[in-house]
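Okay, got some structures for you below.
Across the two complexes that follow, subunit A remains constant while its partner is subunit B and subsequently subunit C.
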Partner chain A sequence: MPVAIISAMYPVAEQVGASRIVKAVSIPHPCGDPGLPSEIDARVRREIVETALKAIHSEVKQPTLFYPNITVSA
Partner chain B sequence: MRLELAEFPVSKIVLGKRFHYRSGTLEVDREALTQDLLKDSRIQDARVAVAYPGEKVRITGIRDVVEPRVKVEGKGQVFPGVLGPVASVGDGKTHRLSGMAVVTTAEFEGMVRAGTGVQRSGILDMWGPGAEISRYSSLVNLVLVLRLAHGLPDLEAHTAVQKAEFAVARRLAEATLGQEPRKVETYELKKKAGLPTVVLIQGCLTESHQFHSGVAYYGLSIRESLATFAHPNELFDGAVTVNTTRGIGYFPNSWDWQNHALVMGLYRQHATEINFAGVILERIRYETFHGKEVAAHGAAQLAQALGADGAVVTWLGSGNAFVDVMLTVRACERRGIKTVLVTYEYGGKDGIDSPLLYYVPEAQAVVSTGSRDRWVELPAPQSVIGPYEQIRVLSYPGAPLTPANGPLTFDAHDMLIGGVDNWGRQPWTCKAY
Partner chain C sequence: MVNVIHIVNQFFAGLGGEDKAGIAVGVAEGATGAARGLQMALGEQGKVVGTVYYGDNYFHEHREEAKAQILKEVGSRKPDVVVAGPAFNSGRYGVSCVEISNCVAEGLGISCVTAMHEENPGVGFYRECRNLKVFLLPTRETAAGMNEALGAIARFTLRLGSGEEIGPAQEEGYIPRGIRRLERSDRPGVERAIEMLLKRLRNEPFATEVPIQAWDQVVPAAPLSPGKKANVAVITTSGVVPWGNPDRFKTYRNTFWRKYNIAEVKALEAGKWEAVHGGYNVNFMNQNPHYGMPLDALRSLEAEGEFRLYHSYYVVPGNQGSPSVMMRIGQEIAADLKKEQIDGVLLVAT
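And then the complex of A and B:
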């Protein structure tokens, strides 16, 4: 089963050999940025989840990083 | 900056009717001491006890450990920013009572109910396998047993405990005023030509969002700061202090900052094998990888500005903050500063799990100070000192209580004060199987 991990410590995920790694916002808030206004945060959240879904659909041979297209305050 | 540390060793503490020091015996005015403690309305009950190495005694509810010291020459006073104003310390002369400590225990509930800010306390066994693990079991300990007012917020509790322990520590050291010390050691960073320059990079895990971050400099919690320079003599005078609501094995106590094992080691080699150039306090536990990289860059750049050829890199705490530490090793090595990392290991019950959270190829020289994860079996004590007769092995709200006067099993060293040897004070042996 294809798996993607959303992680703020993406180099650690890479080191332990996770297959698909999505760069998260921060350790306490991986999938969002409470420092942003809520409507902008909602966009950030959506982009991270969509990147993760795209990652699951991607063939990978080694630990591979996927970068959501977001700008965060952290 | 030049500091003379005058040593007055203590091998016996007598609870008597005056404050007096003579040839290894410290007499403590028990009544005056407890009356002073009770002047703070946040402290509702105060008792004093003594625990000697080898006694079958278990101490519960430990919040901090501190060595009695008092400044007799030079600017400022011990524990600046806590006991008195922010006046630069580390110069002049300081008296210390060696071989003993004030171990402060306190009962309070706090208002934080969960997470990394919830109040915790540790235990110390003065004999047996628990004593072998903790550095504090070899000291003659004056134990303060405090009960705090009901419903006290955590920051108030911290302030009450810390002021109490530091005031007692200074009061005890004042018993040596006017007396000749057993010996005097002089500490200064004057360089000798032709020797390599070495700094200590001290990673400090701090919780920026908690009421106390965990590590304070001149009484100020270090939050999301970049690396800063501290003179090692400032540590000797108590400029770095800790959060006293969280007594945990992998967090050094005030005593450890006053007697920092790596600072002492670097000073021992100073001007003979190396030039010790001071301490860099690096805040670690940034919440993004970006933050960790910038913190590491800042510490390495400061080390280079201090002329470092080498850096001893160490840390305190647990968890993701270790990533910042490894990135600091990498940042130093990439600048041509040779590093040695000093750290405890995880490794699990049998020592076969991954010993560290994160690795970089530049970390070529690593000194292990032992495993934090080895299980510990503690036999029953003959007596218990401290505010808790039952303890919580787990820290979540409503966790079950275990009698402190029975045998105990721990799956890690976290509950033992001094349970993790962060900075390599004790002799450890490694066995390969």
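And then the complex of A and C:
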């Protein structure tokens, strides 16, 4: 059963050997950024979740980092 | 006189808790916060010439920038030894202590002493780094072991600073780095090996000369097939639970997990859910629980027909979870996921 871990401490996830790792925004708010307007924050979150879904659909052989495209513009 | 730079997080610099975890790298001349304790333990033989501090979150979110700044601050003060921590069982702090020690030892050639509990994730990095100039001393789990830890760090620091040769880990008490050094023995290898084999056959205790760290190897699971509509579940270690914390999770060292039904829930409203977790500032999560359980995004993607979201989500607040307990919790959740015929999982970790 594939698992995508969404974490801002992704080097720890890599070090312990997690297979599919999604780079999150920050430790206290992994899925989004409260500094952004709420609509853009929601878009960032959606991008992170989509990246995680893409990760569990991707073949990996070793700990692999997936980067959400979170350079959103308003 | 051994000159020492002490590197600590914002909490042990006395600047504040989770609300200050975002502060950038800074320096105080002399000893401040926990470094005062180190100065006392060093006595007259050593001097803390500066205390370098940084926010726990800042380091992990700006690691290259933070390390470059720390290198600059340490380098300009030319200490004999650098001390980082003790970090006890704080994961973010422990990992940063090891990364900083390694980067100071590599970049400046200065010996470093750090300290933390043996189950801190920093220990894994330390074993990977295998740096001859970095020594990690074991501590108790919590800051209740502060004096003891500072005493051990100070003794080690003074020995390193005076150029004393440090022996193998088993004799000196630091955590082994997996570095093998040649040693003379008065008996040939074949005799020692046969003796060990005989002891093993007689079920007697024996000590290997080549210890190997056993790691839990995880083979990556096969991906989901693109054609099929998958059943997806979410696990979160953020501690997001229904308001009022009905199962009485603690803010640290939890020993059980729960799942909460969200079948009829479209979004997690502030005030109906809360984050129970002592390891990060939960204000953002309480204002918008989607940062830990992104239900709004999941619902909109589900509506587009990408997958089916399982009717409940799993939670255990991850703060200070010991690996043995978390392994058991992971096995229990995995068994439940299988029983519920889940195909894939998103795990949100703070």
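As a convention for this text, the second predicted complex is superposed on the first by the 71 of 74 C-alpha atoms of A that agree within 3 Å, B and C clash if a C-alpha of one lies under 4 Å from a C-alpha of the other, contacts with A are read in each partner's own complex, and residues count from 1 in each chain.
In this text, a residue touches a chain if its C-beta (ideal position, glycine included) is under 8 Å from a C-beta of that chain, and two chains touch if they have at least 3 such contacts.
No experiment lies behind these values; they were computed from the predicted model shown.
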Partner chain in contact with A:V12 - subunit B first, subunit C second, else both or neither: both
Touching partner for A:E39 - first (subunit B), second (subunit C), both, neither: neither
Residues of subunit A touched, compared between subunit B and subunit C (which is higher): C
Partner chain(s) touched by A:S26 [first = subunit B, second = subunit C, both, neither]: both
First, second, both or neither for A:L53, with subunit B first and subunit C second: second
Shared contact residues on subunit A - subunit B and subunit C: 8-9, 11-12, 15, 26-28
Subunit C-touching residues of subunit A, taken from the complex the two chains share: 1-9, 11-13, 15-20, 24, 26-32, 34, 41-42, 45-46, 48-50, 52-53, 56-62
Footprint of subunit A on subunit C - complex, ascending: 18, 21, 56-57, 60-61, 63, 91-92, 95, 121, 124-125, 128, 215-218, 220-224, 226, 230, 232, 238, 280-285, 287-288, 290-294, 296-298, 300-301, 306-307, 334, 337-338, 342-350
Partner subunit B, residues of subunit A touching it in the complex: 8-12, 15, 25-28, 74
Residue numbers on subunit B that touch subunit A, as the complex places them: 287-291, 320, 323, 357-359
